[in-house]
Each structure stands twice: as C-alpha cells, then as structure tokens.
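Chain IDs A, B and C follow the sequence of writing; residue 1 opens each chain.
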C-alpha cells in the first residue's frame, strides 16, 4: 500500500479531510458556474465583489459573528455601491468599480490593521481551507446543491441569452432577468467561496476551471460538467500539494487551479473524434 | 373571412423623443404574406419591434394573435458560443414549453424536422460558428420554425445570403404561407414585392398599404424611397430598383 | 491625537510626506490618462501582479524596484499576449492576477518564511522608505509631466476616437505603448508607500473625483494632482495617528471624497431639475 500512501495520507487526518471536502464542493459548483462568468464577461465583476466584501469579513471577524454573514453583507454592499457608482457615464463602469473596490479594500484593511484588531487579516485575504468549520462545510454543500439545481434549471435561458440576447427576447426569455439571476448566483458563490480561499484568491475557483475547459468543450452543457470536474480535481490537487510540500493551503489550491487553466489553454490538437463528428 | 392575425390601427412608436414611425394602419389574415418596404431608417425594424412587444405604442393600438417568431436582420449571435445547429433550432422550443426543463422529445423531433426543412439535416452537429453565412440564416430560421408561431416576422431575410440559400429560404417562406401562417417580410427588393399578397410602404410614416399592383405606384415608391429610388428604362418598360445600404454594426 | 506638525518635524514622516507629494504629481497626471483611456483594471492588476516580485526582493535583498518593474513589465506583456483571446482576455487578466497573488503568498509563507512583511507589501508603509523610492517617484513625476507635454494631444485624440486618430496620421501605437509603460512605472513607484493592492488609491480615486469637477483635460489633470495631494497628506497623518499603513486611509479618503462629490452633484442636479426653467 506504500504507493497509495501519498494519496491516503491526507484522508487519515481529520483536518485535511474537511479541507478536501470543502475545496471539492466549492471547486465543483464554482467550476460549473465559471463557464457563464467567462462567457458573460463577469470576471472583473466577480473579482470586484470578492475584494469588495473585505470590510464585511473583517467586521464579522472583529465582532465574532459568522464570517459567512459578514461576507454576504459585504457582497450586498459592494454590489449596490458598484451599481450606483457605475451609473455615472463620465467615469465609466470600469473606473467606477475601481473606485468602490479600492475604497472598500482600504476600509477593510484599515479596520483589520489597527493595532487592537486580532491578527486575522491574512487569513481573510488568502483563506484557510484547513480551518473550515462545520458551518462552512454546510454552506458549501448548500451552495453546491442549490447552485447546481439553479444552473440546471436556468441552462436553456442562459444559453439562449448568451448566444443571442435579442433573439432570446423574441422567444419570450427576459435577458435582463436571466443575467440578474446569474449575478445573484455569482454573488452567493463568492460569499461562500471566501470562507475557503479568502477575498483575494477565491476568484481562481470561478475563473480557472472554465478557462481550462473552454477550448475543448463542444457544448455549453459539457463545458459546465467538465468545469465542475476540473474545479474539484484541481482543488483537491492543491490540498495534496499543500499537505506534502507544506505550503499555504489556500494559495496552493489557487496555484493548482491556475496551473489547470494554463494546461487547458495550451494549444492541444482537437481529438480526432471531435473532428469527424463535425465533418 | 377569418379574424385578422395582425391588426394595427393608427400606430405611432419611437425610442423616446420624437416617434420613429407614425400613422401605421393595416391588417394581415391567416395565409397572407405582407411585404414591408422602406428605406433604411424608414421604420421597418421599428414596426417589427413594436409587434414583438419590445416597444410600447405611443398612440394607436396593435394586436397580434400570438407571440410572433422573428428572424432578425442583423446577426447579433455570438459565433464563439459553443452551440451546434441543432442546439440553435432547439432554442425555439423555449417559447412554448417550460424553460427550466430539458427539451422534450417532441421538441427534439420538431428541431430535427425544422433543420431538414431548411436543408441543414446533415449539418445538425456542426458548430454554429463554422456554418456559412447562408447556413447560419437557415439555422436561425429553423429556430423560428420550432417556435411554431402562426405569425412570422422576417427582417430582410435574404439580404447578403448566397443564391442557393436564398432560393431555399424563399421556398420555405412560400410553404409557410400555404400552411396558413401570416408572414411579414421586410425587403429592399421592390421587384419581388409583386409576389406578396400585400405591400406596406414605410418612410417614417405609412405611405401606402394594399395589393402590390395597386399600392406600388411610381408616386408611392418615390414617396417611400425619395432619392434612394432609381428608375431604369429597359426597352420601353420602367423598372425600379433601390440603392441598398447594409447596416454594418 | 498627534500634532499635524509632526508631518514636517519628524524625519521619517517628512520623507513619507515628500514621497506622497511626488507620487501625487505622478499619480494625478497618469491617473487622469488612466481614466480617460479606460485602463483602470490594467493599472490595478499591474500593481497587484508585482506582489511575488516584491516578496522575493524583500527576502533576498535584491532591489525591490528592479524586480517589481521586471514583474510589472512581464505582466504587461502577458496581458498584451492574451488580448487576442477576445472574450477570455478579461478572464485571463483576472486569472494572471490571482496567480501572482497565490505565488506571492507561497513565496512569503513557505519559501522565504517572511509572512510578517506581507501586510506591508500589500498595504504600504510609513517606515523604511529610502532614497531610491524617492528618486523613482520623482523621476516618475517628471516622466509623467514630460510625456503629457509630448504625447498628451495624441493620447486625447486616440481616447476620443481611435479611428480618426489613425486617419489623422498620429502614431497612436507608440504613444499607447508609452502610456502602458508609464502606468506600469508609476504603479511600481507607488507600491512602497500605498502597497501593491492599493495603487489605485493614487491613480484612479483622485482622477475619478477630478472628473466630477473638471471640464477639460487640463482641468482634469490639475484637479487630480490637487486631490491626490490633499488625500495623500491627510491619509498619511491618519496613518500616523492610527498606527496603520498609509494605503488604507488614503484609499478610504479617496473613495469618501468621490462619494461626497458624486452625491453633491446628484443633489444639485435634482435641485436644478426641480426648479422650473
């Protein structure tokens, strides 16, 4: 059994088992959701939401409240502030988002770095998958279940909207509502994912798996499934890397996800079967 | 005579500010095809958007028997989105069935039938972005066919399409009319208007409506197109064509 | 509450204030162009991307400026390379940023075991600014002003209408590359004082506020420099008072200034609309 020991080792430790479960749950749902994030160009919006929720996280940590609560409130405030600021055409949505996010990150850091705050800022910024609590795992499981169902139910309207928003409108689909539902799902995923990977690294869960599979999936449905698989596997690989190399767990998971994206984006030749099917 | 499928009375619509189109009144019954003529910016697409319910009438009324199927003039489809021709046709089923469930077997069969009808049966599995321009137009028509609406709005369906695709599309349009559907087709091609049951001329307002032979006089065409109209004299007979400008977006 | 006079009396604060003054000129001028040319995400990303370079420099004693500049220019090249990917360029820009942050964390916590300095690299410091930081910021301010005099008309024309600028025979390509390089240089200059994560605090925030006040490109640059100076000096004082790094208070002040100006403009706009003409 020596050969399998490197694989089984983390499973024998309670902490690593929980970390694995957390990143597999988050990796699968965020990996699937990421397809729509990339296709609908929401990567910058997702980054902004995950950075902008920092004050919420810090306040929850200072008050001893559940971090999820702080993250959810932080996401809501950040989204509302960005939506208001982005309405000014003189500034443009990109710079307006930058103004809001920079201010919020500064506020979060100010709260966390004042001398009488507990030293938890790095954990909030970069995550600590090894420290997940039962409630974090439950939140991740609920997100994976409810998010998966929502993605399944919304699949056809999302496809029709992304393919041709005008044509979808003529079919009775309301593209505005569909995109709003997608943003809501992204916000929920960000709020839960920061428990595992922190405000700065959770974006990797949403973007990397989708980029890894984007060139290879012939249909949106397969891209979602493949993204979920890649997200779960790369997340688990990151935990193993951290276990064996002794590296920071959150950063290792993010690095494994980024490596998966880089691998998937290499100019592999398309498999012969895909070619003949389309001929 | 059955009740009209499309009934428009003294309609004015616009995009905020001054109305883009005023004084439109016409009807179209089952099995009728109406040719909508007018210059660029004359209000053809605006009329279609009003019939689709995307623009609210400023004045007047309009009623359409069912949500119309729509073939848009300018393609705003994402060519890099991973769908094949069959997936595109299947999207038409969104208009009828529940959106949260995977498409039914009946919808699949309808989509396959629609692809066959537009001559794409052998190309069902090809990525949309890899189809030719004419094939893409036909796949989008298949989507409209799957929607199975009694009213179809076709916005310059033959503009910029290869001749083979144009012939095929044209024959599908004729068979749709023979099935008793109502077709509104916008076009720049004045010569083809004679083949329709009625012609509607728009230039910011309604210039004329009626059977092509009566409605399409030289005076109405001049009022419709202004300086875009060119009159050719060929061996004594007059032939009128228009200068075409295609929208590039 | 410490006396504001400390800002000029205490040597380390005086140096920090001098650094802030130089950065305000560089950040205000470059920030105005960042805003006009819609490079906000790029300038934020190029700052954050330097993080692994800073960690390495911090631990090995190599000049942080040189390493950060190398990483920033490498990142700019990477962004340029993925630009061609269309839909995915934004996603790749974001992913490159996450990859840089993750690499920096692993380097800091596991390779060099210099975890304590992470906060300082991300959010800036009052202490430990040295002469080379001041020289870089000064050079950057001079370069920003000189480049604005040389290329300002081209940048403005290209930002207003890129096609027409090409038709006018303007060499927009080199001017644009120069702007990207200037942004990267200014971001690196800003990092020691405000931190890799908050370089936007001296670029985007003052310029965005200035946009609400100014009606011309010249006015935009002027207001951006003035606001950057005011926010920077006040933020520095707050950082000294609260014993925090300077980046966060400067960022909070910048966002608060913007919010105040935007709300004032909206309220006066409403009032003007309510008064019958």
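FYI, contacts are C-beta pairs under 8 Å (C-beta built on N, C-alpha and C of every residue); 3 or more make two chains touch, one makes a residue touch a chain.
No experiment lies behind these values; they were computed from the predicted model shown.
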Which pair, A-C or A-B, has more C-beta contacts?
-> A-C
Centre of all protein Cα atoms: which chain's centre is nearest to it?
-> A
Greatest centre-to-centre gap (Cα means) from subunit B is with chain C
Rounded to the nearest Å, the gap between Cα centres of subunit B and subunit C is 52
Whole-Å distance, C-alpha centre of subunit A to that of subunit C, is 27
Between subunit A and subunit B, what's the gap in Å when you average each chain's C-alpha atoms?
-> 43
Please set out, as single numbers or ranges, the residues of subunit A touching at least two other chains.
-> 39
Junction residues of subunit C, two or more chains touched = 87
Touching subunit B in the complex: which residues of subunit A?
-> 39, 152-157, 159-160, 162-173, 217-220, 223, 277-278
Report the residues of subunit A in contact with subunit C in the complex, numbered from low to high.
-> 37-39, 41, 43-44, 46-47, 85, 88, 90-92, 94-110, 113-115, 121-122, 125-126, 200-201, 203-204, 207-208, 210-211, 214, 245-248, 250-252, 254-255, 258, 261
Considering the complex alone, what residue numbers of subunit C touch subunit A?
-> 34-35, 38, 40-41, 44, 87-88, 90-95, 97-99, 101-103, 105-106, 109-110, 115, 118-119, 122-123, 197-198, 200-201, 204-205, 207-208, 211-212, 242-245, 247-252, 254-256, 258-259, 262
Name, in rising order, each residue of subunit B that touches subunit A in their complex.
-> 52, 54, 67-70, 72, 76-78, 81-84, 87-88, 91-92, 94-95, 99-100, 102-103, 125-128, 130, 140, 143, 147
